[in-house]
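Below, subunit A partners subunit B and then partners subunit C, in two separate complexes.
Presenting the complex of A and B:
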């Protein structure tokens, strides 16, 4: 279902999100495919058990054979018999900077993926459509890298202490001020790992007696943080505002499940861009609901910070809203800033509370100084040398615009070819549906043969019949690279019969991209 | 419907966070200007660093820094992806190989954050219904890993093997009542090599005996003992001369001795390989920046080439341990060869807050006279067994004998002036 929404003036621009339904024949064939694989899996297990086939698995020690088995047999069934066959699509080692083109180490397997050997050859200049490099800051030369090198020689690589003890460097304070200016919030705090930012701070904010309303497709870190907090968790359908409103109403009216006492607080957990679907959160409606029902909003902008919005400030900027409406703005530096780590921004009270109560500040080592410098340099590059500028520098604007242009062009061309593409028109993550298990492995391998590196995902990261290939666009991709990639995807799509879409779009004339495109409506 | 509208109108939530008083002990961080090395500038004053876990002094080492620089020039800073999606660099593979070779195990796996290492390793193996016996003084990362695993947790008194045996026997009688359930319930013991909270070692030989007697697997957390104990720095297994295959999983972080960032787990392939698909901090998080991995490799090289630094470190620890005995009002908590000691108040003032204020005055006295110290920080409401307030004293190989003696005498002075 395609819907273009102008929900009573909440949205200042059209919101085009589409999830085409799985064609019936394809669904049936996919189930059949999995059924065949399962049968073969049982057969192979049987043969391995009766020693007809050599068992390549690592096994328990002789001395510990009478201990309770560490893994359940069935747990590993999927691993042994399905994952192992196409294991070469993942964990591909690279040996250069993960920019628009990357060098990969060639590896072969002589025993059907049980072990790999490296031939020593390097596959050069593979077009990289798998790394999260949205603004193209993964570079091995340039101002950011030079600044990081200087800080590395001055400060060293590690810190050896926690923020509350002796690990709070002047660099961290500088970075936190800069992040707060970048986001437009009062204050911010940074952490060494994006995953840990969620899993260590959500428990500090909510506890027993509170309610968490979490989106169906939230990231593992949000789920873990919610579980560790001890609060009650309720799930609403992905990006579905009616489902969220119903849960909010029920929560306030009925209170806690057994005692009927009112909830202490309600926290809504959403992400800016969902990395498996490519969908963007309906932020204006979420904020309207949050205000109406007096709950708090935790926005995880891991993929959207830097990648969306005319000024690169994320999903809040994209919808033209005020950062004050979001209670907790969380994000990571791994994707758009070419570094590592996460941050939380918000009111000064919130950040002071986190400085004293966050698990990470007390028990985890602070961020490494060269990584901090990379973030500072890349943020200054986007914002302009003078950190007090709230707008965007010409260099930053060029990158943001290049990314937006690449996104629109790539999506339009792929849809025009007849593939089923999920997600929002403006999201730089492009999931292309594969469905059938054999095509997962085939797509990854065929694209690598043609010198293009893509990411394929299957169960359990996605529902079992909805496996997909995921393209991550970058401001570093030039139009030539995208055209090469599109040509190859077209070829492979015909070879593997992936063009399932039944709603073929009329291809638009390629218009020159200019600043006003953000205000135009797309026909 | 009218009622519902009213209820929605009336409901008032708590504020998102409760306000923090301005004089909260943890609110005002020490600001370190410049690198946190041997001579450290804290809050504008130059001091000798007795607070950073830089045991082998590798934070400032030129070889380590140049290895990291070379990696920075080749790869940039970030990896832009998790290990599964083009985030595996040849540096990571090399570091894993080197760590496995150094520890003499089959395989090793790297995490990008020290805290996440053990907190992701435990839930990968221990699930709902399994039983974990853990020491009371286990660090917070282990507690979070156990909480995430949803297993049954049984705490035994710190380093008390009799208490652990009692719990194991109780479990045995439970098993006999329900043998079917017992056959699928996994059991684990989680201990630390050198405890962060108390500075002593776990009695590993007795634990191995208990392991085979009651068929329990052992997970060993070696963050403080890696690169410190043992003739070549291989940790507590080398210290006690135990076959490393007897320990099911060794987990450590690279943020102490190796002066880098991140953590690793090592052990047999049968065990470690499982984490590549079910370790949450491994699969769902970006991989370690290559420059930090290169720094860790170079640090390992230095450790392998200079095995005498471990002996030097131990000698310094013994020296200061002796020198700190007999300070009136403060008692030393920790083994004589432990590089991370605690100084606790001999007699408490009555409340934890007052104790902490008193210790803060001791710390401030020392900072003003040139020794950088810190209080050990905990989350008071979250810890299962909260240790008493203390000052953390960290010994590194870079500290000279004069500096050690100076630190000891300054602490004596501070204790005299503040506590009397």
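Presenting the complex of A and C:
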């Protein structure tokens, strides 16, 4: 359903995002299910306390029973009594490269998921709908793998030092130049771990006396980095530009809480694609707001780099904007490049500052050489050997287009079948709503029986009634694989009654924003 | 063949009940406890309905007749 955007021509293409409302009956039945499980949870806890049943989870020692209890909060209750029952859908060991198809080790549990034993068999060629393999670079043969093997024999696997000491290889310099060309920025810096890129660099950029405006559904790495920095954090509603503008206005008008001095810096933290919702950030509007209120923008493109845009350059390319408008462009190599690690790109002064002041550069080991070569090889594969002359090579274009086609086809077919699918039409992450706790476990198990591996997500990664199954599409998936997967999803959807959609979409929040729709945050 | 599809349909309904009330996730002894509780509650409700509902219905019926018609057996015979 095309939504008319009232923001005066900022968007060059239609922005179709939809989050269908939870049907009332489904919500009530989900609460019923959770109520029954909670009652049984209390019963089992009672039995464990009175030693009627053997206690297999972690408890305090006898001497510590009088201290503040460690395991009485809701998270631990949920873990003992609900998560344990469906635990076999997670942490499944795989034993091959996680490409379009993957091999999984078969395991059984004889004591209701407290312990697992391997049967020794391997489930071969499971269609992999859970790996973040957007451009299909998770391969065990090909140019990238050969280049990485050659560098492994030349440089070895370990670096044994930090970037600032002895760990700065010429490969890192080469990679950073390539990343800067890829993104269209002046300079870039790479780090060994994607999570650490966020959590170690945000404290280096902002501190006390600064303001961070962070989206409601930001990733744990961004939240951790924001909290570690010591700045004041204010949260705006997910992808809601009116909420963000109100916060910006209040920040500029009122200043810091007690002293009323102006904020030293205002940093807006957003992500390119949100991995649990499949929604894309409204980047043109964020940039317009940033320019109007003179604040800084930190864009985390972990899932969108390589996966969006006609040239695979991420969400900035998707909207046709200039990379100079985004102050700090961060991303990871884990998802689209088949490697590990993260990068930050921006102006030369910013990156030079980060080279000396980032915690990751000082204390964390730098990236391993074969991984660096994998990224260089995959980026050259996308960009063409000579990155300056051609924007995208034929091979890269084929992959990007295959991913876009797969995305559109898969989403359209699933919506046509009647499932509730969240998120933007163009995002390769497809969350399918399950809602009821028993269906989480049932969906994971039934799909594995039919040789398809999916990731199901429940509390605490999502709100408690909105549990979902998350499909991650890849350029490595062929149409036959997608058709097989869709056929099985259709079958399982009929078996478990998952087709909740009534095709009544909630209109996007472009309505006028007034006092009654927003609660004031406490200072 | 109709019996087979009927049986399959009933089994599918039972599966939906199991999924909605989360008894799909319970261990066998928990299932027995849960079903015993549910079935006993259901039987008690049905028994109470069997005892009380006809009495209540007939009393309500007489009340409404008295309110609207007021033509009861004894008065009609006297008028005649």
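In this text, the second predicted complex is superposed on the first by the 480 of 523 C-alpha atoms of A that agree within 3 Å, B and C clash if a C-alpha of one lies under 4 Å from a C-alpha of the other, contacts with A are read in each partner's own complex, and residues count from 1 in each chain.
Please note the rule applied: a residue touches a chain if its C-beta (ideal position, glycine included) is under 8 Å from a C-beta of that chain, and two chains touch if they have at least 3 such contacts.
Just so it is clear, the model here is predicted, and its values are computed rather than measured.
Student: Contact-wise, after the overlay, does A:442 reach subunit B, subunit C, both or neither (first, second, both, neither)?
Tutor: second
Student: For A:288, select first, second, both or neither according to whether it touches subunit B, subunit C, the two together, or no partner.
Tutor: neither
Student: Regarding the shared-chain residue A:217, is it in contact with subunit B (first), subunit C (second), both, or neither?
Tutor: Neither partner.
Student: Looking at the overlay, does A:102 come into contact with subunit B only (first), subunit C only (second), both, or neither?
Tutor: A:102: touches subunit B, not subunit C.
Student: Name the contact category of A:10: first (subunit B only), second (subunit C only), both, or neither.
Tutor: After superposition on chain A, A:10 lies in contact with neither partner.
Student: Of the partners subunit B and subunit C, which touch A:36 in the superposed model: first, second, both, neither?
Tutor: A:36 contacts subunit C only, not subunit B.
Student: Classify the contacts of A:235 with the two partner chains as first (subunit B alone), second (subunit C alone), both, or neither.
Tutor: In the superposed model, A:235 contacts neither subunit B nor subunit C.
Student: Between subunit B and subunit C, which one contacts more residues of subunit A in the superposed model?
Tutor: Comparing subunit B with subunit C, the partner touching more subunit A residues is B.
Student: Regarding the shared-chain residue A:27, is it in contact with subunit B (first), subunit C (second), both, or neither?
Tutor: Once the two structures are laid over each other on A, A:27 reaches no partner at all.
Student: Per the definitions at the top, what is the overlap between the subunit A residues touching subunit B and those touching subunit C?
Tutor: none
Student: Considering the complex alone, what residue numbers of subunit A touch subunit C?
Tutor: Subunit A residues touching subunit C: 29, 32-34, 36-37, 40, 85-86, 112, 436-439, 441-442, 495-497.
Student: Under the touch definition given earlier, write down the residues of subunit B that touch subunit A in their complex.
Tutor: Touch list, subunit B to subunit A: 4, 7-8, 11-14, 16-20, 24, 26-27, 29-37, 40, 42, 49, 51-54, 59-60, 64-65, 68-69, 72-81, 83-90, 92-93, 112-116, 119, 125, 139-141, 144, 147-148, 182-187, 212, 215, 217, 245, 253, 255-256, 258-261, 268-271, 273-274, 276-277, 280-281, 283-286, 288-289, 291-292, 295, 372, 374-379, 382, 392.
Student: Over in the complex, which subunit C residues touch subunit A? Could you list them?
Tutor: The contact residues of subunit C facing subunit A are 12, 15-16, 18-27, 30, 34.
Student: Spell out the residues on subunit A that touch subunit B in their complex, using ranges where they run on.
Tutor: Its residues touching subunit B are 58-61, 63-64, 66-72, 79, 83, 90-99, 102, 105, 128, 130-133, 137-141, 144-145, 148-149, 152-170, 173, 192-196, 199-200, 205, 219-221, 224, 227-228, 249, 252-253, 262-266, 293-296, 327-328, 332-335, 337-340, 349-350, 352-357, 359-365, 367-371, 374, 453, 455.
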